[in-house]
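Just below sit the structures, each encoded as structure tokens.
You will see chain A twice below: alongside chain B first, and alongside chain C after that.
And now, the complex of A and B:
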């Protein structure tokens, strides 16, 4: 019997990752067409609406950019940890911790001048995210506790912390007993650049550039990538793994926290339990599609932002916004599949025995 | 604190415990075979929505449960295909599965939001036993899925510890290459474990819409899939301990809406953090103990297996 088997290519296909990404996108679009047809919609009409609403004019671009900012920062957070082979699944919670810290500063600094207030809010957000990541970082660095589960668990703790705050101590007395935090003071809001695109774009871009350079071109980043590819090599070359793990995970949390602060100050009126809106989880997909490279995160985040904004816009056409959620998952699954085929080729084995013989060829 | 409200609390504890136990058993199966599946939340959602839809359309709760388990298994197989078949990152694929499952559930259930249920699995009367004080209502008057969860717990425990299949499955999770050398198909074992896990998560979701809150709404699963993931660690990958953990965590879910009658002035939101905080504590304890004895986690958990790379 001839069985299909994956065999490593000597050279990955040229242009592998962009190609895989494009293929994933294509697969997602095809799946989307099928879903829309099944629900009795006209796919072309829906897609052109999605495109118009997300990239059609400057206002649309502004919406997409505002969405890409938290996605890009969350993706960067995951990618920073990922360049060292660590998984920060807690960006969702760290975003909320950052938003809580920023909201707290806005509460006490309501009468500070805008620029100082915003700066303090963002610094606090960085701290908030870092603090939430500190526990998992210490546990991983000192005790070897797997950071996937610890960061994942803290997501659930952080969202409940936000819920508790807005149901309890931070509930707005003027909210007619609705669980709402008070509105942010006006000077706590980030200025806009064009249309409604806010200043967070420059902050996110700057952080992404700095992180990309740091990971790609500095000795620190080099050590990081070595530690990511082989712990043993890192140890032999005298890199202190536990210190590295600690800094990288805390930095990762800090960047996610910044995303929360920027989101609060840039687009939200107040602290809400949907302040993160799944950005942390989407950020993991963004980072994975960017192959954990900080430099690739921005492009993927823009695309995901466009898909999300486009997905919201088609609700007015009677299409469930869940279509865009499904599309996002399929972009990733499509890209994973395509990525595998860019590195492996399918060979048909006559039987299992011959595949063992072939081992030496691979 | 009245007797009735205390009994009500325990009834709900067992009920929520069974809900969590089913999903956690599924995750345990997959992890024992070496595959971390963070898609539990998505699989539960798919199980919940398909069970509800089949209930409304065909009025048969058992068919609904079956379809839910099948849908959970199919969704899980997507994860299986990418991680086991293609060697993709389990974390990323699992999280995407959660996103996919929640999206699909919302898409499928759009026209069913707020509809009355077409079929329900109502509590079983056990002649004689159900009328016993305390134990009657708590243990002998639960929905059938609760007993299914118990049966599944015993079955999973038995298969894993006392059958060749279970041995091969655990071996696939501990050391894939030696399992392969021994003539077992690592691919087949892992794929089946993941699919079976998905079926259990689907059943757990079905329990939500067929018994606990017989309605469909987006976000119905409310993060309980993550508790199931936590439970596997809390129970140190052992079906029995996971069951005890399920009762404890189920208790916190039950308490959440029932604090008032006990005159406790304590935020239910803070209480709902408990499962996660407990799991974190257990993780720390496990890892501190791990210096003296080996960690209970399957050794090959999260590692893809390709024969040519061994």
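And now, the complex of A and C:
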């Protein structure tokens, strides 16, 4: 019987990952056509609208960029942990912790000059995200507690904290009893670069470049990659694993926290329940598509931002928002699926007696 | 064995059961054909009860717990396996968990049971118990394949023995009754295709590495070796012979600082390093060539250059950065001097062949100009050229005054290149020999248990 089977390629296909992403996009577009037809829309019209709204003119680019900023930082946070084989599923909560810390600074420093206020807000955001990651980091480094679970659970803590603040102590007295925190003072807002694209673009780009260089070219990053490839080898060469785990997870949380601070100061007017808007979870997808390489995060975040903005824009044409979510899901499916084929080839069982490096190889 | 149990599929050849050819696509196929396997790493679910684990994969759609527990305990009693079917698995000892694994296979009514090194997780009294259980199952008409590194267990439990070495059958179906243990031991350690020439004798200097009543535990928390006392002098190769799994791997790990010792002391160049970190040991001149090259010595997903600089990257920095040109130059140097054949130094190390991997690893370790080298199975799995190259490198080091410990399963290799030979069995040194005068027979005898320290099987 000839059964199809996946067999490991000796070398991954060159350019496999961009190719995979492109294929994923293509698959999503094709599925989308069927989906839109079934829902009674005109696919071409919808697609051109999506393109125009996300990449059609400077205003559209600004929207996409503003979306890509938190996605990229959150993706970077996940990728930093991922380069060492750790999973930070708590970026969502760390973004909120960062936003809370930044909002607090804005409350107490309302009369500081803008540049100092913004700098202090961002520093506080970094600290807030780092503090939320500290518990899971310590538990993993000292006791071996699985960081996936602890970081995930702290997301709940962070969102409840935001809810409590905006329903309670930080509620805006002028909000007619809506659960809203007060507006940020004007000088606490990040300046814009063009259209509505804000200064966070430069911050995010700088942080991504620094992190990529650090992971690729420094001794610190080298140790990180060694530890991510083989723990035993790291121990053998005298790298302290627990110290590494601790710093990497806290750093990951700090970067996510920065995303929260930038988002608060750049696009949101005030601290709200939806300040993170799922960026932390989308960041996991961004990092996965970038193969956990900090250097790949920027491009993926931009594309992902465009898909999200485009997806939102078609709601005005009467397309349900779930359709755009489904499209995003198919981009992911397609990209990950195509990624598999860049590393594995399909063979038929009967004629492959010699190449037996199967998936089940252990 | 994984092929027999349906975990892997064969590339070639066929498998017959009762004369019928069979092809297994998965373990379930094998079980249906009556072949079950107890793996070294148990396949059990800690939060389930014993009974639930036993019926795993063969459960009826509706679970009647009480009845299943009753049936499981009947089955257990029949073969003398004492376990409480309602107890959650995580509360059981390793020995009891193994009984659950055996029960699981008996539950499926397997006629052929494969046990992969079942005794490594057991205390001596549990080994005795396992022997009785297996005998009972054999009397019940079942066939049992018992895989072990330990000769006294094989001769105590089995009726026939087949010796496999490096994937080939060396001897098959030897009746235990009429086979000498010594003969078995020799078959197991075997002869190698080619070795380097015997080095010129030289006069060893003072002791560089000293072990004083050193003890340590294995991965399962049982004693791996105890009270080891010996020293390695400058300019000599001390061979550690013995069948694998008798504490050699743990010994190498303890010397390298990757496993804590539980008693005794270890010193190098006269200073105590019992508690020292692996990094400190390396800096003080200890090189380690681990048995598991890709898992312990190298980082498989990183490039050849990244792997080459593992020991020296701390010296190749400017500020926080690793100097790429320096790293590459260093890597090129190692690759050239030690004859690593590789096209792309930025390519992943996993693309190298076994021999080239080992040359890179050994080259990297020797480049630090060590005073002590611990080499664990350094030539295993290499081709003829590779074996010779590694052996010659070690001899060269010895000639220049380095103290070398070489752990190997290949007795001929040790008899040729070692200056002294220690034989390890069940975590103890069973004898010391001069390789120039010792015979294979004598050494082979020492590899066997003397029957006092271990079980009475």
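By definition in this document, the second predicted complex is superposed on the first by the 349 of 362 C-alpha atoms of A that agree within 3 Å, B and C clash if a C-alpha of one lies under 4 Å from a C-alpha of the other, contacts with A are read in each partner's own complex, and residues count from 1 in each chain.
Heads up, the rule we're going with is that contacts are C-beta pairs under 8 Å (C-beta built on N, C-alpha and C of every residue); 3 or more make two chains touch, one makes a residue touch a chain.
These numbers come from a predicted model, not from an experiment.
By the touch criterion defined above, A:230 reaches chain C but does not reach chain B. By the document's definition of touching, neither partner reaches A:62: not chain B, not chain C.
Legend: residue contacts after superposition of the two complexes on their common chain; A:238 is shown touching chain C, with no touch to chain B. When the two complexes are overlaid on their common chain A, residue A:222 makes contact with chain C while staying clear of chain B.
Counted by residues of chain A touched, the larger count belongs to B, out of chain B and chain C. In the superposition on chain A, contact of A:103 is made with neither chain B nor chain C. Touching chain A in their complex are the following residues of chain B: 36, 38, 78, 82, 86-89, 91-93, 95-100, 102-107, 110, 218, 223, 226, 229-230, 233, 267, 269-270, 272-273, 276-277, 279-280, 283-284, 287-288, 290, 297, 306-309. Interface of chain A with chain C (complex): residues 10-11, 214, 217-220, 222, 225-226, 228-230, 232-238, 353-354, 356, 360. Residues of chain A touching chain B in their complex: 6-8, 35, 39, 87, 89, 135, 139, 143-146, 148-150, 152-157, 159-161, 163-164, 167-168, 278, 281-282, 284-285, 288, 320, 322-326, 328-330, 332-333, 336-337, 340, 355, 359, 362. Those residues of chain C whose C-beta lies close enough to touch chain A in the complex are 7-9, 11-12, 256, 258, 277-280, 282, 288, 290, 292, 294-302, 306, 309-311, 313-314, 317, 320-322, 324, 351.
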